[in-house]
Amino acid sequence: MAPGPIRTAHKVDFDKPAWEQTGLHNRWHPDIPSTASIKPGEAVNIECMDWTGGQIGNNDSADDVKNCDLTRVHYLSGPFDIEGAEPGDMLLVEIQDVQPFAHRPWGFCAIFDKNNGGGFLDEEYPQAAKAIWDFEGIHCSSRHIPGVRFAGLIHPGIMGCAPSAELLAEWTRRETELVETSPLAKVRDVALLPEPKSIHAGAAEGELKAKIGREGARTIPGRPEHGGNCDIKNLSRGSKTYLPVHVNGAKFSVGDLHFSQGDGEISFCGAIEMAGIITFKFDLIKNGQEILGMKSPVFLPGPVEPQFGPGRMLTFEGFSVDSQGKQHYLDVNVAYKQTCLRVIEYLKRFGYSGEQIYLLLSCAPVQGHVAGIVDIPNACTTMGIPMDIFDFDISPATAAKNGGVNAMDLGSCAYTSDRK
Amino acid sequence: MAPGPIRTAHKVDFDKPAWEQTGLHNRWHPDIPSTASIKPGEAVNIECMDWTGGQIGNNDSADDVKNCDLTRVHYLSGPFDIEGAEPGDMLLVEIQDVQPFAHRPWGFCAIFDKNNGGGFLDEEYPQAAKAIWDFEGIHCSSRHIPGVRFAGLIHPGIMGCAPSAELLAEWTRRETELVETSPLAKVRDVALLPEPKSIHAGAAEGELKAKIGREGARTIPGRPEHGGNCDIKNLSRGSKTYLPVHVNGAKFSVGDLHFSQGDGEISFCGAIEMAGIITFKFDLIKNGQEILGMKSPVFLPGPVEPQFGPGRMLTFEGFSVDSQGKQHYLDVNVAYKQTCLRVIEYLKRFGYSGEQIYLLLSCAPVQGHVAGIVDIPNACTTMGIPMDIFDFDISPATAAKNGGVNAMDLGSCAYTSDRK
Amino acid sequence: MAPGPIRTAHKVDFDKPAWEQTGLHNRWHPDIPSTASIKPGEAVNIECMDWTGGQIGNNDSADDVKNCDLTRVHYLSGPFDIEGAEPGDMLLVEIQDVQPFAHRPWGFCAIFDKNNGGGFLDEEYPQAAKAIWDFEGIHCSSRHIPGVRFAGLIHPGIMGCAPSAELLAEWTRRETELVETSPLAKVRDVALLPEPKSIHAGAAEGELKAKIGREGARTIPGRPEHGGNCDIKNLSRGSKTYLPVHVNGAKFSVGDLHFSQGDGEISFCGAIEMAGIITFKFDLIKNGQEILGMKSPVFLPGPVEPQFGPGRMLTFEGFSVDSQGKQHYLDVNVAYKQTCLRVIEYLKRFGYSGEQIYLLLSCAPVQGHVAGIVDIPNACTTMGIPMDIFDFDISPATAAKNGGVNAMDLGSCAYTSDRK
Amino acid sequence: MAPGPIRTAHKVDFDKPAWEQTGLHNRWHPDIPSTASIKPGEAVNIECMDWTGGQIGNNDSADDVKNCDLTRVHYLSGPFDIEGAEPGDMLLVEIQDVQPFAHRPWGFCAIFDKNNGGGFLDEEYPQAAKAIWDFEGIHCSSRHIPGVRFAGLIHPGIMGCAPSAELLAEWTRRETELVETSPLAKVRDVALLPEPKSIHAGAAEGELKAKIGREGARTIPGRPEHGGNCDIKNLSRGSKTYLPVHVNGAKFSVGDLHFSQGDGEISFCGAIEMAGIITFKFDLIKNGQEILGMKSPVFLPGPVEPQFGPGRMLTFEGFSVDSQGKQHYLDVNVAYKQTCLRVIEYLKRFGYSGEQIYLLLSCAPVQGHVAGIVDIPNACTTMGIPMDIFDFDISPATAAKNGGVNAMDLGSCAYTSDRK
């Protein structure tokens, strides 16, 4: 007969530190003990902490952001054994729903300090800042960034299957090589290598836990062989993702839920981070990696995304010439950074601070495109801002008519107590 | 009373070489003589040659691509004086229509030889290739890439106002610096500096022409201060672009019309290049650069773009790890290249050659996004392929059901006669 | 500081009959006692029974549909006093979310017996039938209509403010006049007049309850002055509706939640009916009826609707010529009925029964348009079917290629035990 | 090798009256001589007059509308023989493009006098009026309805294959029956029966022409068996329509080109009527009527339609209660009329006349939906107005903030010289 309510395969406990909950873990490693088993075809709910495990509070100070311990993150739910999964299979992951907890209708986005996580614009905005977002059904708004309100394209930042021991070794090899050879590594972190500090490996204890601490891959980067922290805003309700399986049972993990995110998630903790519940249905394509020739995840977005109409997307351009006028060679990173800076310059005239806009571009449903990438020496990127997320008119036509706009009082985001 | 037919402000002549037509030019320079004058508020048609000025033929050989003379390009129509425009203004450019000539219902896209233009994947595909596209109203199809057919999002690749002498000098300074300092400059072109060879400066003759040849900026790159060859596929019918004015009269030029282009235009001559007619209406925002604080072009796309539904976009991911397994630091270029390669691998199974897909990704309305750019060391990019442009089913679900698909006979793109 | 969880202004009790719960009512009347008070600007949850108050079960028989007592329906939650609302105001109702109960992840749609409710095609399909739909996050599927699966555009069928005594009298007058003068009234119900039987007036008892029974307007029809049962599928998450206020406190009620509905809701109980929770935020426009000149509700849909792409909507046409070949005069009802019948004929070839498709067109996100209404004597209507809700290809191109399709085994909807 | 320019299968001559051009006709009849032959798979251009054959001028008087001779219309281009077509086949018609003539960049929409054509609201607006629209690429605007500008969803109002003699007889039978039995026929035209006056049957002369005049079906109504004047706004560029074939060679005709139309085309000559060029490709599905079970046309819209985003559609509701307060039984016509009147009331506050809005709703891309059609006695219909076609803000939120809006000077549409 009819199915009953959807089974909850994993529950989180807000009365207990994340690091004491056995169904969470903060490294990628094949030996982290599975926390539950799920059948293909079965719909299940999985509860998730926010990515920091609760380090960030719903308040008006960014001190918690500045002091956030990044060796602890991300707290992922899992790993889950998918029955019958074997190396070489593809795991088909359908996201049926994602929701915040009814009792925690809020999230946060943050600029991390340049010396603790940083972000895409940390040269320009090196100090920590934060915005809290309140959820009202599908919408969100922030007391720290007044004047905007939008529907979230809710999604998990991280999904992936555990690496095999061989794959894990390869990850460590290539990231270590980068750290050892990159000239930039002297002035900033270029990769985060395995780190025993604050390791949390679910139910693992003793030597197993220590081993995972020594070997386990950090969860910050997405990686091509399994996805992981890819931070793709379109992996929302209704999406179907094909993930490569590397170990028996797949050992699937999920976390880092986002109420909304802009393309690039530029302020690092840029999405609206939240704790919540995600509903999945899994299926297996046996031997799918060979049959489909897939080495990286592939997905189909769901059919329901916020629609603004192309004519409502105010779109900015950026090229591979940096703020000092230096010409770079087809560098998309430089171009996208310039694009972001152009938006910030433009929106400041309405009364926002640079930090507010930096946060907004990170979390609102902005579209970041690679427009042209072959016209030496300039790559061109674009960022489209949906004008309808603002409750005032930001169009250039209106702004010009108003002689360039009188700035409004648009409040302030949360800063640190020792801000200079 | 009612307006009559729209005035044609510039006509091209297919019976005459591009380099003999005084209303065309192939460098950016403030001294190129204006070819016509246009009033703000007036709708005008402007005819354009294809970007090469007719060097590429509607045939089945890529020899013309291999031998294409890149010192000649792009042939732009203009410059046009916009009455009343002064430095500091913003020129508002509304594109009312773009169309191929009725008597030339075809276009081309091409892979350029690694030693003559190259492209985003020129390590993988170093030899010239070509596809001819036939236009059937809003649709196009190619005898060189059977099995696909799509509606074009038609647009100009290049629009911009002439640089001032100061701006031109700055362009040359920074691009020269790149050429002189980039280690890569030893093995490939990293920028194209002013080049007197094949200079065409409209009606300019003698010393003026020689001066423009010595000083004029090449048209290949887009540049932040004026737009130029930005190759943004969404600058289609109905779009409104705000362009900075740098000289009296604006001296606006346009060219490089594209029937369709994918995000990135990855094969360099990747859009479906065509000759055609573009209809504009101009408006001026006096002192707009200061009033609006705009240093680079900004635009609003038009309201009519092909709509496929998000659930019909098969989307691939790529990260900053290259094909040799080398880890790069947040490099979007590497990530986007990997994304493209993933699509090529996937679509090959249906029977296409790598070159066919490389061409297809360059010209079809694919969506290339910067997904995540802060999770060290991996940037993540995505490319979404609209499945409905194919006349067979490319979905992974169907492909898996068919055991991985039997390759079809999907013909061949055009190659050079001396292909190795 | 930050708001806490959203307050639940009304809870339903599944352990108690609907008719014993004081916060529900099944007639429109100004004297039904208010069940709770809500402030403008406050977000609240309101729980709702399904429209029948639980008369229809999750099983495989349509006997409960056949025997459904329509004097009992609809059970609405409310009325709610909106603080400060006065006659002449407009109540702005933002729907922030609508969701089924986690413990009841299913709904139903039904064909009602011609002699008990009927429906748009009750000449053709006079007997009761039913389909149960299971919810999987934003998607639903039915064991009674295999081969389809779609995302719901979830919404309430009924929202409205209580009528004033004068408005109520006008409703009764005009509907009584119809019953008394319509020739059709001899062969079928043409309107449902006030009916004391099964009256439920919330907390009202004794003479007040009897009075409401004698006078209260039935909830079946929507009505222009307040909305009510308008069954508009687009009043989903994020929509904002302007409702006229007729009594002090507005006395707003809501119910008849739908997981999904097609334009027309043609089988009467055609939407996917469910119990659930709706989240609102209210605002008041004082004297809004005069200021805005609004006599009927007006709304803005929300930004997130399922998007299929226009090219994926297989669209059928119908005209004002009925199945017996009789010509009617610009009759949209006849045209829309013919349109529906055309879809049924077409989809039957895949193996569905007429009842299955009739149910499907009622509840799936089909688009029903008035195409032309002035070309005497034929009105033309269209119905667009999103092809992507089917897990097989229904396109005519494929069907023709297959020689007209071999019917599949597509099961059966639920019928009555005494079906002839 | 490559195809050349698209062949023009039919040219119109603006220097000659429509009734003297042999490739046009204004009745449906199987014996009208074919004007040209077209191969399946061949793309062809077909030129069309406007539907009146040039009776309406680009001027500021509606006298020509008042005096328009409706026995002359519509002037259709054709009939065209499609090679190989036989009765029982389906003709697949792909519209590749539709465009106005470059030398006639304008169109008209009109309210017809109640005694000469009438319209959906001819009780409320009985006198003739007109608006001229100027085309600027994909956009149009009108000096008679200032403040709006929109992209056209360009399409033919009429496409169809010739009826067989038997089908023609059936049309005449049922329409004659309506005229003879409808009580309404005493006060207004309810159908237009065959009419020899002003008959134009292409190259037919003498007795054949006289016979066609006696028997030929009028072109005003669409009809279920062949489509005809269905006035469906979505049959635009890229659409594919399946049309039943009734005679050898199909004898396909087309005309009544519309630059844009709203759902319902409510003012009768409500679309923006124009002369222009349509590009087709035909294909045949042999025996398709039986194979696909299709008795009426079916279509797939093209992929490019104006997109406004659902949240930008201000939507009005109407029910089956007329302006005198009379209750009708599930009458969609009454409901849709009320919906239109609600929009007119609302928009008048900005300064438009009723006629201007009546014209605007007829031709702008408004969405008219059948929302609910089963809740006795009230059908509910909606009309969605894209707010972005106005160059001022029509949202109720802004209007309320402005205390109900101060009317602007929005000019006037064209009226007759004898207007009372």
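Each chain gets a letter, A, B, C and D, in the order it is written, and its residues are counted from 1.
Definition applied: contacts are C-beta pairs under 8 Å (C-beta built on N, C-alpha and C of every residue); 3 or more make two chains touch, one makes a residue touch a chain.
None of the values given here were measured: they were computed from a predicted structure.
Ranked by how far their CA centres sit from the centre of subunit B, the chains are topped by C. Judged by contacting C-beta pairs, the busier of the interfaces B-C and A-C is A-C. Centre-to-centre separation between subunit A and subunit C, using Cα means, comes to 39 Å. One simple way to say how far apart two chains are is to compare their mean CA positions; for subunit B and subunit C this gives 50 Å.
Shared interface positions of subunit D, defined as residues touching 2 or more other chains, are 238, 302-305, 307-312, 388. Interface residues of subunit B, counted against subunit D in their complex, comprise 1-6, 43, 58-59, 95-97, 102-106, 132, 134, 136-139, 143, 150-151, 237-238, 279, 281, 302-308, 388. Those residues of subunit D that touch subunit A in the complex are listed here as 307-312, 388, 393. Per the touch definition, subunit C reaches subunit D in the complex via residues 90, 118-120, 170, 174-175, 177-178, 182, 184, 189-192, 220-224, 227, 229-234, 238, 242, 263-268, 270, 285, 288, 290-305, 309-319, 321, 325-333, 336, 338, 342, 345-346, 348-349, 367-382, 384, 395-396, 399-400, 403-404.
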